[in-house]
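Data block below; observations after.
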Amino acid sequence: MGAHAIPWIVALPLAGAVVNGLWGGRLGRRGVSRVACLSVLGAFVVSAAAARDLAGGRASAAVVHLFEWVAVADFRVSASLQWDPLSALLALLVTGVGFLIHVYSTGYMAGDPDYGRYFAVLNLFVASMLVLVLGANLLVLFVGWELVGLCSYLLIGFWFERPAAAAAGRKAFVVNRVGDAAFVLGILSTWALLGTLEFREIARLVGDGGGALRGHPALVAAALLLFAGAVGKSAQLPLYVWLPDAMEGPTPVSALIHAATMVTAGVFLVGRLWPLFEAASPVLGAVVAPVGAATALFAATVATVQYDMKRVLAYSTISQLGYMFLALGVGAGSAAFFHLTTHAFFKALLFLAAGSVMHALHGQIDLRHLGGLCRAMPVTFLAFAVGALSLAGLPPLSGFWSKEEILHAARLHAVGLWAVALVTSFVTAYYITRAAVLAFLGEPGSFHAHEAPPAMAWPTVALAVLAAFGGFLGAGWAAVPLVAFLQPVFGAHEKLAPPGAVDVGLAVGVAACGTLVGWWTHRGRREVRLGRLRDVLAAQWGLEALYDLAVVRPARALSGWLYHRVDSNVVDRAASAVAEAVVRASGTVRTWQTGNVRQYAAGVLAGAVVLFAYWVLR
Amino acid sequence: MRVDLNPVLPELAVALAAAAVLVGDVFVRGVRARAAWLVVGLVGLATAASLVGRVGEAAFGRLYARDGLANALQLVGLASSVVGLLLARDYLVRRGLDRGEYYALLLLSTVGAMLLVASQDLLFLFVALETLSLPLYVLAGFALDSQRSQEASLKYFLLGSFASALLLYGVALVYGVTSSTSLARLAQAEASFPLLVGVGLVVVGLGFKAAVVPFHAWAPDVYEGAPVPAVAFMSVLAKVGAVGALLRVLPVTLPHLLATWQPLVAAASAATMVVGNLGALRQTNLKRMLAYSSVAHAGYLLLGVAAGNALGVWSTVYYLAVYGAMNLAAFGVLTFLERAGSEADEVEDLRGLADRSPAMAAAFALSMASLTGLPPTAGFLGKFYLFTAALQAGLVWLALVGVATSVVSVAYYLRAAYAAYLGPARAGVRVQPAPWAGVGVTLSAACTLLFGVLPGPLTSWVQRVAALLR
Amino acid sequence: MSVPASAYLLLSAALFTLGTVGVLVRRTALILFMSIELMLNAVNLAFVTLARMHGNLDGQLAVFFVLVVAAVEVVVGLSILVHIFRSRDTVDVDEVDLLRG
Amino acid sequence: MEVLLFAVSAALSLAGGVGVVAARQPVHSALSLLLVLGSLAVLYLTLAAEFLAVLQVIVYAGAIVVLFLFVIMLLHARTPESRPSRVGGQWSLAVPLGLALWAGLSSAALQLPASARAVGPEFGSTEAVGRVLFREFLLPFEVASLLLVVGIVAAVVLASGPGTLPSAPPARGREEA
Amino acid sequence: MSGSWVLSALVFTPLAGALLLALLPRRDGLLRGVALAATLVPLALAAVLFWQAPRGEPGFWLRERAPWVAPLGIGYHLGVDGISLPLVVLAAFLFPVALVGTWDAVRTRVKEYLVLLLLLETAVLGTFLALDLVLFYVFWEAVLVPMYFLIGLWGSERRAYAALKFFLFTMAGSVLMLLAIAGLYLLAGTFDFLQLVNVSLPRPAQAWLFAAFAVAFAIKVPLFPLHTWLPDAHTEAPTAGSVILAGVLLKMGTYGLVRFGLTLFPQAAQDAAALFLALGVVGILYGAAVAYAQADVKRLVAYSSVSHLGLVVLGTFAFNPQGLSGALLQMVNHGISTGGLFLLVGVLYERAHTRQLDAFGGVARVMPTFAALSLFVVFSSAALPGTNGFVGEFLVLLGAFRRHPLWAALAAGGVVLSAVYLLWMVQRVYFGPVQPEVRRFAPLRGHELAALGVLVVAILWIGLYPRPWLVRSEAAVQALVQRVAPAQAVGPAWGARP
């Protein structure tokens, strides 16, 4: 399948979105779900065919030029799509996982009155995400970047009548916008420096370490700004705050957007601009890796005290994204994308399982009120267990392979960060085990649960399979295709020596410990006493409060102050003061008009006298 | 002794019309028959106007010159008298004031104004000024039963006489210096204190008539008290005469002394614009507001005088024409309004006018826009010319005062126009049918628009006035 | 002319000033009128003096016209005054201030 | 002789002027005005203005002052100024303004070119004045007649009085012209 | 291009329509129909112009000229080039949209209302096409009276105050411009734009004249701190008035800055650039910050205009092709998106008779179609990629960045803030529990749907394929940049490009 087919990958879900958006009401549920699922499936099929050609060497990476989009003088950017291993991987992921989640949604959302709207936006999301990953230049990527943000906003706030949902959507969008502002500036810097926004051109100009431009301040600035955009989208410190709230959206949305795909856009961005980041020499090591490691640990710790199962998963996502950035930061690009892939599987799986629980319990998701679900929902339990253990990094599940890769790379490049990652690994295993134990084991709560319907169960099972065996796609030493496939993107030089037994042992040991501790401390649905630490962790180490105190409240106060004090009382007052002065002067003038003839005559005479005086004094 | 009467034929025509009215009035009885006086007046004015064109430029001795300036101003004056007559008839009949004397006085005053703008001699100027003024004193008091009208008349008369006396002393001083009252001699005079004081006093007298600050105080009181048609007429004609004479005395006769009088005229202009507009700002009585507005417009007119250049002179003439049109339209609309047998002259009385008489409301809004100086009305271009003239003369500050006060004027002009479009009408206020006045308002409103949309012909025409200045 | 012209002119100025002061300080309309007449007469004196000084008759002609104008002014003015007196029963100009502001 | 005549007339006219301004009764003002007019007529004679002197006596003293007196009688010659004025401070305005005016006019007068020309006996005679009048000032002369008409009409209009129907024949005021 | 009557027809058809309306009987439906027809003619002509506009032509490719006030050389001179074309199209587009969108919102004195609207259109179109300074000023000021009455007669509670304030502010600025026009004439001897372009003025004269022009334009834009008339005027105006006011009238200021400020006084514009860039940035941030504090939906939108127009000024004074093109496109975009926002508020006001944010909630549940269309408009205003707002905003930022990265950095802050207040509005109005009053809201009506639908189409068109707009003005923009800042016409700002 040639490059000409690439636009169809975007066009199919987009068409689905349009059809469902305009005629969703008339198509009926069945029609809507068919359009939605089949359009994504179609995109998957096209992507798979094209990726097979790419992987098999039957086709080479290509850029499809659609039309000239924004062009003024020396700034010319066209709407064009790029098909290369990286975009192929992401396209497969997006359409593949996307398809499964679409199918799942047909079950999950079956009772919702806004069925059509849901699938229209979900399709739009897939299309936007595909624009993001297929864009051949930064500007097109940014279009996708913002559109997925829009879809995220719309889907978080899908149940907009719930104030919390509406607020969460807005929060997500606004926080992302902070990153996006930096992103835009990064785009501008890139263009100002390089004169192009095309990825291939950028790679050509700064490839191989950047040559003369290596470490150029402008390049560093551009990389930092772009990374700030990635931080926003991928919910890294310090812009992670929106993601936990985003759980207000329907669970399939959380699975697709806030776990598997959209939030990984930041990772994708760095990967996409890999040559640029490599050339902006200190950025990767000095900024990306520490941010990733810090976020990973931070989010993992916070996850340990969450009671909302989706929030556990949300913090987990933040944490795992931190891993990916850590990998990127230490130069292990393909490891990052490997983990991205496996994470997409197991985290989507976890979310879908959690969704099934919610579906079964009419929205109940509080770990304190769950328990013993394994009996009522065995499939879901198994699926969740696969996902959890994969997340914990236990072999041979997929998470183990990719995480091991990252830990290995970290140890080689930054031992301190490696230690952090290892600790995080322990905490990860601990919190996900805690969640699993609290939800599925122990005595059942007072509820009647039922297993998920087939439309939800099958995608869950499919993802469970992927989460279990996806790891064989590509550990670096396993000589499986992923690294080779991505080699044109990240270059050959990062090929690592296979990790030693100590590496593997340590990783597995830490994960196993975490799992055991998590199980041990929570068995029988008990909760660990953490004292003050629990409060600190629940308060996200005080960050949310800090933002509220340092940003939100001051901003609101400033806004009010500007309006009520400055705008009304100074700026507008100044204009009114002029008007009032004129009116007062008018009153004065009127008092001169006494109505008395003799005074008028005096005025006339005074005028004459002034005349004399002027000529005398002149 | 052969006297060539040709140069004064236009004046003669008007004077004869006045005489015909006076004589005829003895014989004619009945309201309807007195419509004849309107016709006679109109015929007289029209004849005069056509004669002005026919006579061309000529002189009558050393006292009187029929030059471009005189012709232009006379035509403006004649045109405003035509509208003045039209506006009067229905009003007078309604108020029971319909007497031949009104028309006669109006015509005589017109003769005075015509002579004033053509006079080449200060003494003659004085006589002409009195001929212009004395009928106006009477017209101001023409609503005999109204105490306000009487008061207007008395104030106007007392102050007018006072100012005339000052003017006369000025004439005497000029005579003392140049040994002649002729402007031709004055044009050759060197600057000296007596001369400047003399000219200054003459300017005071003329400034009084034009309602220039600080000689303006009579205007608001008189305008408020006098009957509307009389105010409409006097506000225009007195200004045409007085400003015309100022043009003749200052920029035309004394260009070489520009440096001595320009600062004073400029200051007076500024003061007039400021005081006039500020005074008008919060008036609730429409006539009084328009009175202050006419004060303000004296200031704008003086801007052109102060500029003292060719542009200034002809733009002043242009603005006089424009001012006549827009002011007559504004006052003209007022002649329609009535409450309990007398004038309804509050701003609020305009309410609902748009519903009762859309055409009148439109005319009123148009004239307000023009008085403000908004395009595409004539007032805009007129002010633009004047400001340009001031800039050309280097009087940037004065132009700034001009535009600033124009902005202030927006507030009150628009408030009035706005009121006309707000409903409902005030209780007791009625819009009376007035066909003649309708014609008058239509004419002036049409001119207000025409001079703004197609200003070319009028501009070229008044530009010829500038030929007087080297 | 043994008395210098300036003496006449100073007298004229003084009379004129007296007249203006009269206009400013008196309230009886009639006296105001008379003060104005005084001013006109002062002007006339100046005209006559200057005519003599310059040896031309323009000044005297001026006086002639001033006389005419003064006469008409008095007629008009007194008519107005009488008219007002009839309706208000006062000739105090200070009480004629319905119109102001 | 001439000096004395001037001095006396000047003094009388000033006295009259002060009288006009200061008299409490309008009648006294009128009489003082008469005094001024008379003195000026004398001064006109010393200035070679015989015609004007005559005119002064006839028109001013004879007609105008009489008219004033007539109106004073008509209006019962009350003394309204005994009541306190509504407007204070006119004196404090009038005095400085008057002084300034006087100073200005006087200094202007004193700066006039003081060249007294010799004039013939004809100067100022009725013939001489008439000649100039009809030769050079014919137009204003004609206009003056219009002014007189205005005066008549004014009297006619105003005399008809409030409430009088417009069609009522004008009854009074003719005599004033 | 043949047909020298096109521009005149474009400008004066609405006027003719107004005169016709004045003569027609007071049957509202008939009057509205005729008025709509009178606005569709200019739209058709503008479309023809857009279609036929040559690419790569920097000058005025279609002109009309006739003597007007011959003695002073004031001419009736109209012309269209790449800079005025987008604005003409915008104006011609928004009038019918506003008319349709508020089809029967005005029910009293319909005739007067429509007449004024048509007069306004003639004045606005004339402003964008006039090539003689006096003619320009005539059109410029002629806008005021109809707008004054539109606000004053059909506005809400504080209409008289708002109308007068609008008038006084604008007039205060424009009289200075009038003096500057006179001054320019005295210095250069002509009012004709094309001749003035060839006159090079001494620097001090340029400075003074530019200052006078700039104040007039800055008030109209409006630029901080001269903006306080705007919230009042926008808020009190009837819906169509707000749409036109925000959509078209504000552009007169920015257009004036580009057309006259930059072109006639290039040096002075250069000297003042820092000030304008700073004010533009302040406007962006300040307007956004204050918008967030509003409790009145319309006021919120009004302050958003302050913010958005700041961006336009920023792009204008970046003095490079991207900035200027972006500014020009952003003028159009703001017209569409903010015009659309006011239309939204109008739709809501029609139903609720209030504009307080508190009064709404859950509108999206009751009026889903309306909510969907609203989101397009809102996100266009928030410059989401894919909508028109993004293209313009990005170009402006690019231009600003080339001028100095700091400007772009500050302006990008506005990007964040616009999302804050706009989404705040969406959250309060459309989302949340359905308020009892809202439950009674009538569904979107046909004419409202039509107007909003057309706007959404425009939003997507420019957002996805802005090329037709950009190519038509590119040459003119580049010529202008060449004139104002020759050094910045080419080459990257950082110069490190290999």
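As written, the chains take the letters A, B, C, D and E, and residue 1 is the first residue of each chain.
Everything that follows uses one rule, which is that a residue touches a chain if its C-beta (ideal position, glycine included) is under 8 Å from a C-beta of that chain, and two chains touch if they have at least 3 such contacts.
What you see is a predicted model; the values in this text were computed from it and never measured.
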item: Other chains in touch with both chain B and chain D; value: A, C
item: Where chain C and chain E overlap in contact partners, by chain label; value: A, B
item: Farthest-lying chain, centroid of Cα atoms versus that of chain A; value: D
item: Chain nearest the overall Cα centroid; value: E
item: Result of counting contacting C-beta pairs for B-C and A-B, higher pair; value: B-C
item: Distance from the mean Cα position of chain D to that of chain C, given in whole angstrom; value: 5
item: Whole-Å separation of chain centres (CA-atom averages), chain A against chain D; value: 101
item: Cα-centroid distance, chain A relative to chain C, in whole angstrom; value: 96
item: Centroid distance [mean C-alpha coordinates] between chain E and chain B, Å; value: 43
item: Shared-contact residues (touching 2 or more other chains) in chain D; value: 86-87, 90, 93-94, 97, 101, 104-105, 107, 109, 112, 136-137, 140, 144, 147, 150-151, 154, 157-158, 161-162
item: Junction residues of chain B - those touching two or more other chains; value: 123, 127, 130, 134, 137-138, 141, 144, 154-155, 158, 162, 166, 169, 173, 176, 193, 197, 220-221
item: Multi-chain contact sites of chain E, meaning residues that touch two or more partners; value: 168
item: Chains grouped in pairs wherever the two touch, ordered by label; value: A-B, A-C, A-D, A-E, B-C, B-D, B-E, C-D
item: For the chain E and chain B complex, residues of the former touching the latter; value: 67-72, 109, 112, 134, 137-139, 141-142, 144-145, 148-149, 152-153, 160, 163-164, 167-168, 171-172, 175-176, 178-179, 182-183, 185-186
item: Complex contacts: residues of chain A adjacent to chain E; value: 21, 67-75, 117, 139, 142-143, 145-147, 150, 153-154, 157, 160-161, 163, 165-167, 169-170, 173-174, 177-178, 180-182, 184-185, 188-189, 191-195, 205, 211-213, 216, 218, 555-556, 558-560, 562-564, 567, 571-572, 574-575, 579
item: Chain A - residues contacting chain C, complex; value: 590, 593-598, 601-602, 605
item: Contact set on chain C toward chain A in their complex; value: 20, 23-27, 32, 93-94, 96-101
item: Parts of chain E lying in touch with chain A, wherever the complex brings them together; value: 168-169, 224-225, 227-229, 286, 289-290, 292-294, 320-322, 325-326, 362, 364-365, 368, 372, 375, 379, 384-386, 390-391, 394-395, 397-398, 401-402, 405, 408-409, 412-413, 415-416, 419-420, 423-424, 426-427, 430-434, 464-467, 470-471, 474, 477-478, 489-494, 496-498
